[in-house]
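Presented below are the structures under discussion, each in the form of C-alpha cells.
Okay, so chain A shows up in both of these, paired with chain B first and chain C after.
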Partner chain A sequence: MNSNTISRVFIMGFVLAFFAYLFGPLIIMSITAFNSSAFPRVMPWECFSIEWFDVLIQDDKLMLGLRNSLIIGAGVVLLAVPIGLAGALMLTQVSARLRPWYYTIVISPILIPGVVLGISTLVFWDRVGRMFNTGYESIFYDGIFLTILGQATFISAYSMLVFISRLQRFDPALEEAALDLGATNVQAFRKVLLPFLKPAMGSAAVLAFLASFENYNTTVFTIISESTLTTVLASKVRYGINPSISALAVIIVALTLVGAVFFEIAKRREDRAAKAAAQVAAGGRAQAARTYFAEPALMLFVLIFCAGLGTVYFAGTLGLDECKVAVKEEKKRRAAARIKERETLQMFQRAKPGQETGTGAVPPPQTGEAAKGTEGYQGIFAPGNLEGQVESDTGGEPAKGTEGYQNIFAPDNLEGQVGGDQEQKSTGQ
Partner chain B sequence: MSADVELENVWIRFGDFVAAREVNITIEGGSFFSFLGPSGCGKTTLLRAVSGFLEPSEGRVKIGGQDMAGIGPNKRPTALIFQNLALFPLMTVWENIAFALEVKGVGKTERRKRAEELLDLIALPGQGDKMVHELSGGQKQRVAIARALAAEPQVLLLDEPLSALDLKLRQHMRTELRAIQQRVGITFIYITHDQGEALTMSDNVAVMSEGVIEQVTDGTSLYDHPETPFVASFVGENNLFRGRVTEADAQFTVVDTNVGPIRARTSTKASLSKGDSAFVFVRPESLKFTNGASADNTIKATVHTEEFEGQFWQVFLDVPGGDKRIKMSLVNDGRQLGHAPGAQVDLSFPAELAVALPEGPLAAE
Partner chain C sequence: MNPNAYFRQFFTRNGTALGTFLLLSVGFWMFIMILLPQAFMIDFSFRHNLPPAEIGGPQDTYTTEHYEFMVYGSAAAEGEFNTVDLGVFVRTLIAAFFVTLFDLAICYPIAYYLAHSASGGWARLMVLSLIVPFWVNEILRAFAFRIMFGSAGVINGFLMWLGVIDQPYDFIRENVALYAGLGYAFILLMIFPLYNAIESLDRNQIEAARDMGASWIRIHRRIVIPFAKPGISSGCTMVFMLSAGALAAPQILGGPSSLWFTQIIYQWFQTGNNWNRGSAYALILLASTIVFVLVMMKVFKVKLGEIAR
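== the complex of A and B ==
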C-alpha cells in the first residue's frame, strides 16, 4: 500500500465521517418516525408503521402552530420582500460617500440578536398601543401581527442582501437605454429593472419564508399567547416527545429534497437553453427545448418518489395490527419468562447453596436469555453485547440457566446479557 | 427629418476635473459627423451631454435650434447607441426594436409590423423572435441601430458601436452604417478612437484631445491640413522636426532645424513669426530619395533598415541630432532599393508637402 492509497483512504474516511456527522441525526430521526415504538428510537425495532404521521395530523396544538407559522411566513414574505427591494434600490441611489453608512445601518438588524429584536418589538408596540389607549385585544397585542413585524425587521435585511447581489450585476446602461428610447422613469423600472429582478424576488421570498418558518428566538417573545410550530415543538420537547415529531421531520426533509431536485433541474434546463442559444448564435441548428416530462432525471425521481410513498404507505398500514399484537405477546411472554426464571433461580440457590462455586466448568448457557437478570451489569463492555441485542429480540427460548454469575468470563455468557437488559426496558414501557 | 446640433461654449466638469473645455461645434442636419480622439479625451461625456444624461456645467446644447437645457433624455429627439449596445437581454429581438413604440403606447400588431420593417432595413428579416443572446456580434449591432431608429430620432448618437467587432466585420459595418445613414437621412453623430473609421464614414470630423476640440473639418483636410501638432501627430503618420522660425510669410515658413533649414507651408490658422519655436511635419510618403533635380528641401540621413511590405517599402532613417528615427514610404514600382544599413543618402521633399505649426502637445505614441 503506497502513501497515495493511504491518503485516499484517509480522505474517503474523512468525507464519510463528515457526512455521517451532517446527516446522521437526520437519518436516525427519519427512521424513528416509522418505528411503532412509543419513544423515538431505532433499537429495538418493533413494527414498521406510519401511525406517527396520523398522530401528527391529529395533534391539534401542533397543527395550529403550523397554521400560524404558515400565516406568519406569508405575512413576512409580503412585508420583507418589498422592504428589502426598496432598501436595495435605495442603496444604488445614495451618494458614494454615504453608501457605507447606509449599508451598515440597514444591515444591522441581522447583527442584533434575535432575542433583543423580539423584546424590543414587544416593548415598542406596547408603547404604541398605550399611546392610542387600545386594549389588550387590539392588534398591538396580537401575537401573529407582532411576530410578522418582529421577524420582518431582520428578514427584510436578508432579502435586501439578495436584491443587492442581483442589482450589482445590472447594467445601468439598460435603464439609460430605456429612458433614451422615450420611457418614463416608471416605465424603465417596470419594463427593464423589475423583470431583471424577478429571479431575485423568488429567492428572496423563499429565503424570507424559510427564515420566518424556522425562527424561534424572536418569535418566542413576540408570539405572546399564540403559538407557532417552533414554539409548540419547544414546549413538546420539554414535556417529553413521541415519534410524531420525527414524522414532521421526515415531511420537512422530503419537501426540502423535492424542492432541491426541482431547483437543480430548473437550473440545468436554463443552462442548457443558454448553451443551445450560444450554439445557434455560433451558426448551429436550434434544438427544440425538452418539456418537463421529457426530463429523464425528473421522471425517474418522480417514479421513485411515488413508488417509495406507496410502499411506505402499504407497509405502514397493512399487517400493522398483527405485528403490534405479536410484539405485545412477545413482550408478555418475555416478562412471564423472566418472572419464572427468577423464581427458579431462587429455588436452585436455596436447594444447592455454593455447590459449584469456583469451578467455572459448568457448560455455558445455551442462549442469551440464560443470564438474564443476574449479572448483566458485569458484561456491559464486552464486544459481544451488540450482537446479543438483536438475538434476544428475535426471542430465543429462555434457557433455564442457573449459575450465570459463576461464568462471567465465558464469552457465550456475555452475549446475552445486554439483550436481557434491553428486554427489561422495553417491557417497562 | 433631421436637425442641426449646436454646442455653444460647452464646459463639463466633474469636481475639479474638466472633461470638456469650451466646446463650440455646429453639426449640420443630415450629415455624418464624427468625434475622433484617444481614450479618455471626453468623447462619451460630450455625447451624454447631447443625449441628455448629463447637463453641461456651462454653455448650451441646441437641437434643431431649440435649447435642450432641462429636457430629459426621454424627451429629446435623440437616440443613443451605447458603447456596449445595452440591448435588453430579457426581451426578444422584435420587442427590443419595438420598445420605443411600446412606451409610447402603440398597439401590439402595429409594433410588430414596424419591427418587421426595421428588421428588413437592417437585413435581418424574420429574426424577430430570437432572443438577443442568440445573435452574432454584428447582428446585435444592427438590432441596436434598428431599436434606436424605431424611436424616430432626429439625431442618432453612436458611441464606438463597432469597437467590439473583429476587423472584417468592422469594415463591413462601416459601409453598412453609412448606407443606413444615407437611407434614413438623419443626423449621425459618431464617436470613435479609430481614425480609419472616422475618415471613411464622415462628412466632418472633430478631433478631440483632453476635453478640447483641436480641429473640425472633413477627412481629407484633416489629413492634408492639420492645424495643431496634436492633429498632425494623431491622424496618420508624420515625421517631426523641431526648430525655430527664421522667415515667415502668408505662404511659406522657414524653420531652422537640426537637419538644416526647412521650408514649409504656413498653416492657415496658426500664425508664426520670426523667432518662435515651431514643429515641421512631413508625411512618410512625401519623402523621396534625391534624384539630382533641385528641390525645396534636402536633408542628409543614414539608412537604418528597409522593410518590404508588398505595396510599399518602409525605410527607417537616422538624421543628425534627431530624437526619433524618421520614416519614409515608397510605392513599390518594381525596383529593388538595396541600401545597406548605414548608407548615407539624401532625401528631398517639396515645401507644399511639409507644414509648419507652432510648438504644442503631441498625441501619445
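== the complex of A and C ==
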C-alpha cells in the first residue's frame, strides 16, 4: 500500500515534469513579450508593456513573409489534399505485388530530411527551366511556386495517412449495397465513399496548412529570393533578438489554444450527438443539442481570455512612460557609477610609477589586474553589471547604449565578436 | 496480367473522370515530385560546378570530386582527411542518436501512462496538450529555448538563486540548449507510435504477469517492450532521421563554434555557391542515415515489414 503511494507520487511527478518541459519554454517566452526590456527576458523585470505588439505589426518584412506563408499554405492545401486522397484510394486498388513498392515510394518523403527534399526540388526545376531555356524570372525560379511543390511532396504523404486511417474504418458492405441497388461505380463513390471521407478532408486540410505554415527546412532552399514567415523569423532570431518575436509567439499560442478548445468542444458535441442518436434508436427520449453558449467550459475560457486581454491592455498603457523613465534613470545612475569607478581606478593606476595606461588596447597582464580590481567594487555599485556583458557574447547581439562600453576591460570581450562573426558567415540570400 | 487489361479494368471500376484524376495525381506526385527530383539530384551531385554558360558543354562530365572532397578535403591537402566535415558528420549522427534515446526514455513512460493508466477525460486532455505545443512554429520553439537557456535566462537565474553556480553557465556554447531543443522538437513523433503500439496490448497480459509475481521491471522487459517493438522502432526511426536532418534548431541554438551537418549543406548552397557539392553532401546525409537505421533494425531484429504494416 505504502509503496503503491510512493510509485503513484513518482509517476505524477514525472508526468508533471514532462508537461513542464513541454509548456515551460512557451510560457516563459510569452511572458517576455510583456517586458519592456529590449532583450527578451523575464528576470530583471523592467516595465509591463504591450509596445512589442506594435513593433511587430509595424514590421513590414514580417508582414510580407506572413502574406507569402498564407499564399503558400493555401497552395499546399489545394495540392496536397487531392493528391493525398488519390494516393490513399490508389493504395486500395494497386495490385498486391506492387503494393509494398508503391507504399514505400509515397511514404518516403516523410522520412527523407526536409533539407534533401528542398534541394532536390530546387535542382530538378532548375534543370527543367534550363531545358525550356527560360530566364530566371520564369516560374521555375519562382520561390513561391517551388516552395508549394517542395512542401506538398511530403505534406501529401501526411494527408494520405489521414485518409488511410479513415478508410480503414469504412465498411465495404455500404458500397456493395449501393452497387447492388443499382448505383454505378461512380455514383457509389460520390454518394457513399466521398461523404464518408469528408471529415478526413477537413482534418487533412488543417494538418496540411499547419505543416506548411511552420515548415523551415524545405522552404529555406526552395524560397530563393522570396521570404516566408519562418525564414524571416529565422534570420531575425539569428541576428539580434528582440521581444517582438515573443509577441508573435503569444499571438500564435493564443490562437492555438482557442483552436484546441473549439476542437475539443466540437468533438464532445459530436460524441454526445452520437450517444443521443443511439439512445433514440434504443427507444429513449431525444435530448436537445446544446448550443455553444451552453458549454460552461467554453464560456469560462472566453471570459478568462477577455478579462486577460483587457487587463493586459490597460496595464500596458497605464503608467508605462513613468515606469520607463524610472528604469532609464536607474540605468543612468548605474552607468555613471561604473564610469566613476573606472575613473578612480585609472587614476589609481596612473599614480603607480612605471605603468603606462594609454588609449586603445590594454596589455593582457594589466587587464587581469584591472578586472581583479573592479571586482571588489562591482558588488556594491552595480549588481546587474555582468549581465549585459554576458548577453553580448552569447547572443551575438550588438551592444547598445550605455551598455556599450562597460565591458572594455572584460577579458572575454573579443569572444562575443568572434561568435557573432561566425554566425554572420552563414548569412546568405 | 497484361497492363492493357489492367488499365481497362481500372477505368471501368472508377469511371473515366475519377480514374484519370487518380492516375494523374498519383503519377504527378510519384514521378514529378518524388522520384525525378531525387534522380536529378543524384545526377547533379556527380557533375562539376560550372558557370551556367558551360552547362551541357564539353566540360560537363561526370565526376566524383564532391564526394572525394567530403573525405579528403581540397586537392591542395593531398593525402589528408577532411577532418572538419567528417568530424561534423560523425558528431551529428552521434548527437542525433542520443537525442533519439533521450526522447525514447522520456516518452515511453508517458505513452504507457496514457495508454493504460490515465482515465477518459484526463487522457484526452493530455493528448490535446501534447499536440498544442507543436502547432507553434518550429523557429519560435527554438527561440523559446534560447530565451530559457541564455546567460540571463530563467535556468541560469534559478541555478544561481539556488547557489549551485555563481557565474552564468553558457548552455548555448556547450550545446545543452541545442540537445534540449532537438529533443523537444520530436517528442510528438516519438510518443504517438509508442502510444499506438502500447495501447493495443491486452491489459490481461500485464495482469496475468503481475498475478504470477513478475516485478514491475520484468513486466516491461518481457511483455510490454517486445509487444511495442514495431512502435518503438518506427518512433526511433522518425526521430533519428529528422533530428539528423534538422536545420532550424542547430542554426538558432547551436553554439558559435559547433556545426550541424545540415548547416554545412546550407553553406554550400547559400554562401559557398556550389550547389553540386551541396547536393552530394545532402545525399551522403540521406544515404548514411538510411544505412544507420537499417543496421540498427538488424541489430534489434526488427523487420521492415513490421513497421510499414
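Here is the rule we use: the second predicted complex is superposed on the first by the 321 of 429 C-alpha atoms of A that agree within 3 Å, B and C clash if a C-alpha of one lies under 4 Å from a C-alpha of the other, contacts with A are read in each partner's own complex, and residues count from 1 in each chain.
The rule we apply is simple: contacts are C-beta pairs under 8 Å (C-beta built on N, C-alpha and C of every residue); 3 or more make two chains touch, one makes a residue touch a chain.
Worth saying up front: this structure is predicted, and the values here are computed from it rather than measured.
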Chain B and chain C placed together on chain A: clash or fit? fit
**Message:** Contacts for A:178 in the overlay, against chain B (first) and chain C (second): which applies, first, second, both or neither?
**Reply:** first
### Task
Check the residue A:139 against both partner chains and state whether it touches chain B (first), chain C (second), both, or neither.
neither
Determine, under the contact definition given at the top, whether A:249 touches first (chain B), second (chain C), both, or neither.
second
Based on the superposed arrangement, let me know which partner A:336 touches: chain B (first), chain C (second), both, or neither?
-> neither
- request: Based on the superposed arrangement, let me know which partner A:274 touches: chain B (first), chain C (second), both, or neither?
  value: first
The answer to whether chain B or chain C touches more of chain A is C
With both complexes overlaid on chain A, does A:196 touch chain B (first), chain C (second), both or neither?
first
Once superposed, chain B sits from chain C at a minimum Cα distance (Å) of 10
Overlap of chain B and chain C contacts on chain A, residues 184
Seen from chain A, its contact residues with chain B in the complex are 171, 173-174, 176-184, 187, 191-192, 195-196, 274, 277-278, 280-282
Note: in the complex, chain B contacts chain A through residues 51-53, 72-75, 78-80, 82, 84, 86-90, 99-100, 102-104, 130-131, 133-136, 147-148, 150-151
As the complex stands, chain A meets chain C at residues 7, 11, 14-15, 18-19, 21-26, 28-29, 32, 39-44, 82-83, 86-87, 89-90, 93, 95, 100, 103-117, 119-124, 127, 130, 149, 152-153, 156, 184-186, 189, 210, 213-217, 220-221, 229-230, 233-234, 237-238, 241, 245-246, 248-249, 252-253, 256-257, 259-260, 263-264, 386-387, 390-391, 393-396, 418-420, 422-423, 425-429
Chain C contacts chain A in the complex at 1, 6, 10, 12-15, 17-18, 21-22, 25-26, 28-30, 33-38, 40-41, 44, 52, 55-56, 106, 109-110, 113, 117, 124, 126, 128-133, 135-148, 150-154, 157, 168, 170, 172-173, 184, 187, 216, 237-238, 241-242, 244-248, 251-252, 256-257, 262-263, 265-267, 269-271, 275, 278-279, 282-283, 285-286, 289, 305, 308
